[in-house]
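Consider the two complexes below, in which chain A is the common component and chain B and chain C are the respective partners.
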Partner chain A sequence: MTHHTVEDVFAKLQKIFPDIKESEEKIKNYPTWSVSSGSLFKICETLKKESGFEYLDMVTAVDRHGKVNSAGYLTEPNPCVYSQNPSVVPSQSPAPGAGFFEIIIILTSFSMNQKLILVSRVDRTNPEAESLYPLFKSADWQEREVFDLFGIKFTGHPNLKKILTPDFIKGHPLRKDYVHKKDKFDY
Partner chain B sequence: MPIEEKTFEKPLELDQMFVNMGPQHPSTHGVLRIALHMEGEVITKAEPDVGYLHRGIEKLFENRTYTQGLVLTDRLDYLSSMHNNLAYCIAVEKLMGIEVPARAQYIRALVSELNRIASHLIFFGTYGVDIGAFTPFLHAFREREMIMDLFEMLCGARLLYTYMRIGGVAKNLPEDWTAKCREFTGFFPKRLKEYDALLSFNPIFMDRTANIGIISKEEALDWGLSGPVLRATGVNYDVRKFEPYSFYDKLEFEIPLGQTGSTWDRYYCRMREMAQSAGIIDQCLEALSKQDMPPDIIAKGVPKILKPLKGQAYGHIEASRGDLGFYAVSEGEFSPYRMHIKAPTFINTAILQKILVGAKIADVVAILGSFDIVLGEMDR
Partner chain C sequence: MGIILEKTPIILNKIPGGTIALTTADFFINWARKSSIWPLTFGLACCAIEMMAAYATRFDFDRFGVFPRPTPRQADLMLVAGTVVKKMASPLIRIYRQMPEPKFVIAMGSCADCGGPFYDSYSVVKGVDKIMPVDVYLAGCPPRPEALMYAVQKLQEKIGKMEIKENSGATAGQESGARREL
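Take a look at the complex of A and B:
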C-alpha cells in the first residue's frame, strides 16, 4: 500500500508507534521526525516495506554535549588538540556527562519523490543503537564511520570496526569532549 | 588500517592466496587498499580498506568560520571542486535563508557543468589507461586543458577554485569569456564522437568491460549508490531533476540511463552525460547574455562575518560522482557546531566487497576504475 503524501505516512506510523513526533527543530526543508532509539529500526522497516522509502541516503550523528570553548583550541600549538587550558574558564565548557547523541537518518522514496529525516536520541554514557544493515546495505560503511568517529555501537552490524582513523588513534575524534593524546605524529 | 593477523578467520588452504592491492598502486586512483582473497584467479573475498587520506575535515569545520570552511570543501573531491563549493554554499544558504540572485544561479549551473565535463574527461582518460589504451588519455587532457583555461580566466585557479561564495559567486564572467566558452561547446560535441570511435565502441574495450562488475537495480538501491554508478543500472535518480537547485528546473536536459549496470554502462553513462552538460552550458550562456538579467552576482545583505541562527540544514547536489550532501548544524556561533559531508564515493565504494567476489583478478582494475573514485572525498 502506498501513500500520496508524507503526512499520510506520518499519521499511519503514529498509530503503530506512539512515540514518533514531529521534531521541534526541522532540518531545513525536509520533514523531520524524532523517534526513540528503540523503535528506530522498526520504523525504518515499516517505511521501507509499506511506504516505499527504499533508499538510505545518509547515516550520521551529532554530539549534543554542548559547545566546547574554542579558546582551548586556538591557544594550543596544534590546533586540533582540545586540552585543559588554564586560561579557559571551566564554567564555559559543558559538564562532563552532559548531553546526548543524535543519530540522523535520511531516507528517500522514489515513488513519492520525497526525502525524510529521522532523528533519534542515544544516551551518551553507553551509546548503542540497532544497526540498519539488515534493511539497507548502505548502512554498512556509514555506521562504521559513526562508530569510529563517535563511538556509537550498532548492535547487529556484522563488521563493526574502525574505518577512517588509524588504529593507534584512541577515542572518538568527533566527540566534543575528545582529548587528543600525543602520538608520534605530534611534535 | 594496517594488515592484521585477525583478518584471516582461518588459515589459508594450499590453493588459496592473499593479494594485497594498494595503497600504493597506480590503478587504485589514490591510496585505496583492497585485501583480496583468491582461489586461483577467482576472488573469494574482497575487503576495501579506506582512511589513508583521512584529514579530519569534518572536525576542522568545527574550528573555522563559515567562510574559512569553504576552502576546505575544495580539498574533498579535488577533481570537481566547483560541485563541493556549490553543495556547501547551498547548505549554508539554506541554514541562513539566503536567496541567490538569478545571474549567480546561472553561473553556478554553468561552471558546475563545465567542471562535470572536466571531471568525466579525467575518468575517460584514466580509465583508458587502466584498461591499456593510452591514446584516449592524451585526447581527454587536450579538451580538459580548454576548461582549465576557462576556469583560470574566471578565478585564477586550475584545480581548487573556491569560486563560489555564500550567497553567490566571487566574480562576474570576464569580458571575452563567453566567446571562449562558446568556442569550447562548439568544439566539444564533435570530440565526443571521436571518443566513441576511439574507445567506447572499440570491440576489444567492449569485450573487456561489458560483462563484468554487473550491479542490479535492487542491489544498487540497497547499497545506496548514486551518480552514474546508480544510473547505469537504470534507476532514474538525479538530484538535478529530483530536487532542482541553481535553476536546473529551467534548463532542458536528459538523464542518460544504462541498462545492465555493467562496467561499460557506467563508462558510457558518463560519456553521454558530457553531451548533456555541453547542452546545459549553451543554455546557461544564452540565458546570461539576455539584457534584462540583473547584474548582481551575490545576494544583497549577506554579512561579512556569518553567524547563522540556531538551526540545521541539509543541502545536496548532483556532483560528478553522485549525490553530494552537506549537513550543517548551527548553534548560533561563528563556526558550525557540526558539518557532515555525505560523500558519494565513500558510499559507492562499499559495494566493491560484494561485486568483486567471483570476479577474476584481471578485472579488478576494470571494475574499480569504473567507479571513478577520488580518495580525497572518500576519506575526507
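Take a look at the complex of A and C:
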C-alpha cells in the first residue's frame, strides 16, 4: 500500500515507532526524521515494504565532536589536523567520548517522487548500528566506506572491512579526533 | 621533427644522387629520442583533463612526436597528471619499473609536485618525487596545455644533452628505479 504524501507515511510510522520525530534541522529541505539507532533497520524495512521507499540513495555519517555549528562545520581550527608529533594530543581537543556520530540515510520513493532523510545518533565510544544490507544490496560498499572513514560497525554486514584507505593507514580519518601517524610515504 | 642545420654538429657533402651527412652518435640518438617521446598517460585527477586537451586537435601534441601509449612497455615518458594517493603509489612504482630505459617523468600540476591543495592530507603522497625520480616539474592547478607543451620542450632540451658513453643516457636515479625503496 502506498501513501500519497510523506506526512501520511510519517503519521503511520509514528504509531508503530513512537521515538521517530521530525528533526530540528532539515537537510536540503527534504523531510528529515531523526530515529533511534535501535529502530533504524525496522523503520527502513517498513518504509521499503509498505511505503514504497525502495531505493537507497546513500548511507553516510557525520562526526559531531567538539565545537561544531549546526551546519556541521568546525567553529574553531581543528587541532588534530596532521599533527607533526602524534604522541602529543592537543589539550584543547574535546574529551574522547564527547559528541556523537550521526548516521544519515537517504531513501527515495519513485512512486511518490520523494526523497527522505533519516538521521540516527550513535554513541561515539562504541559506535554500532544495524546493517541495511539485508534490505538494500547497495548498502554494501557505502557501509564499508562509513566503517572505513568513521569506524562505525554495522552488525550483520557480510564483508565489513576497509574499502578506501590502504591497509597501512590506521584509524578512521574522518573522525574529528583523528591524528595522522606518519606512514612510509610521509617523509 | 626537422633539424636546424646551423645548430647541428653535422658535415654535409654532396654525392651523386643526393647528400651524405656525418654527425655524432649522441646527436643522432638524442634527436631520435626527443622527437618521439611517447608518454604513458597517467591521468589521476583533474590535471588529466588538461592533458587530454593537449592531445586533442586544438593543441595537437602529435606534431611534437608525442603519441599517448596505453602500455608502459611502449612508453618513454610517464606523465603523472594529478593527485598521487597513497593507495595508487604502489601501482605507480610498478608501472614505472615496467617502462624500458631511458625513461622520463613529468610531474604535472601542484599535486604531483608537492601535494598541492592536499599538503596536509592523510591520503596523498606529497609529491611524486618521493617515490620516483622526476625530470620536469610543472606548476599549476591545473597547468594549461601550453604549459604542458613547455614542459615537454624542456624535457627535449634535457634529452638533447644526454650522452650515451656512460649509462645509455639514464641518470643514476633512473638506473636504480625509485629514489627510495618502499
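Keep this in mind: the second predicted complex is superposed on the first by the 161 of 187 C-alpha atoms of A that agree within 3 Å, B and C clash if a C-alpha of one lies under 4 Å from a C-alpha of the other, contacts with A are read in each partner's own complex, and residues count from 1 in each chain.
We take it that a contact is a pair of C-beta atoms (placed from the backbone, for glycine too) under 8 Å apart; a residue touches a chain by one contact, two chains touch by 3 or more.
Model, not experiment: these values are computed from the prediction.
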item	value
Partner chain in contact with A:Pro166 - chain B first, chain C second, else both or neither	both
Partner chain(s) touched by A:Ile27 [first = chain B, second = chain C, both, neither]	first
Partner chain(s) touched by A:Lys42 [first = chain B, second = chain C, both, neither]	neither
Partner chain in contact with A:Thr60 - chain B first, chain C second, else both or neither	first
Comparison of chain B and chain C by chain A residues contacted	B
Chain B/chain C common contact set on chain A	164-166, 173
Interface residues, chain B side, partner chain A - complex	1-2, 50-51, 54, 56, 58-60, 63, 94-95, 219, 221-225, 235, 237, 242-243, 310-314, 323, 325, 327, 329, 331, 333, 335, 337-338, 340, 342, 346-347, 349-351, 354, 379-380
Chain A to chain B touching residues, read off their complex	25-30, 54-58, 60, 62-63, 67, 70, 73-74, 79-80, 104, 106, 108, 110, 113, 115, 117, 136-138, 140-142, 145, 149, 162-167, 173-174
Residues of chain A that touch chain C when the two form their complex	81-82, 164-166, 168-169, 173, 178, 180, 183-187
In the complex with chain A, residue positions of chain C that touch it	86-87, 89, 120-123, 125-126, 130-131, 182
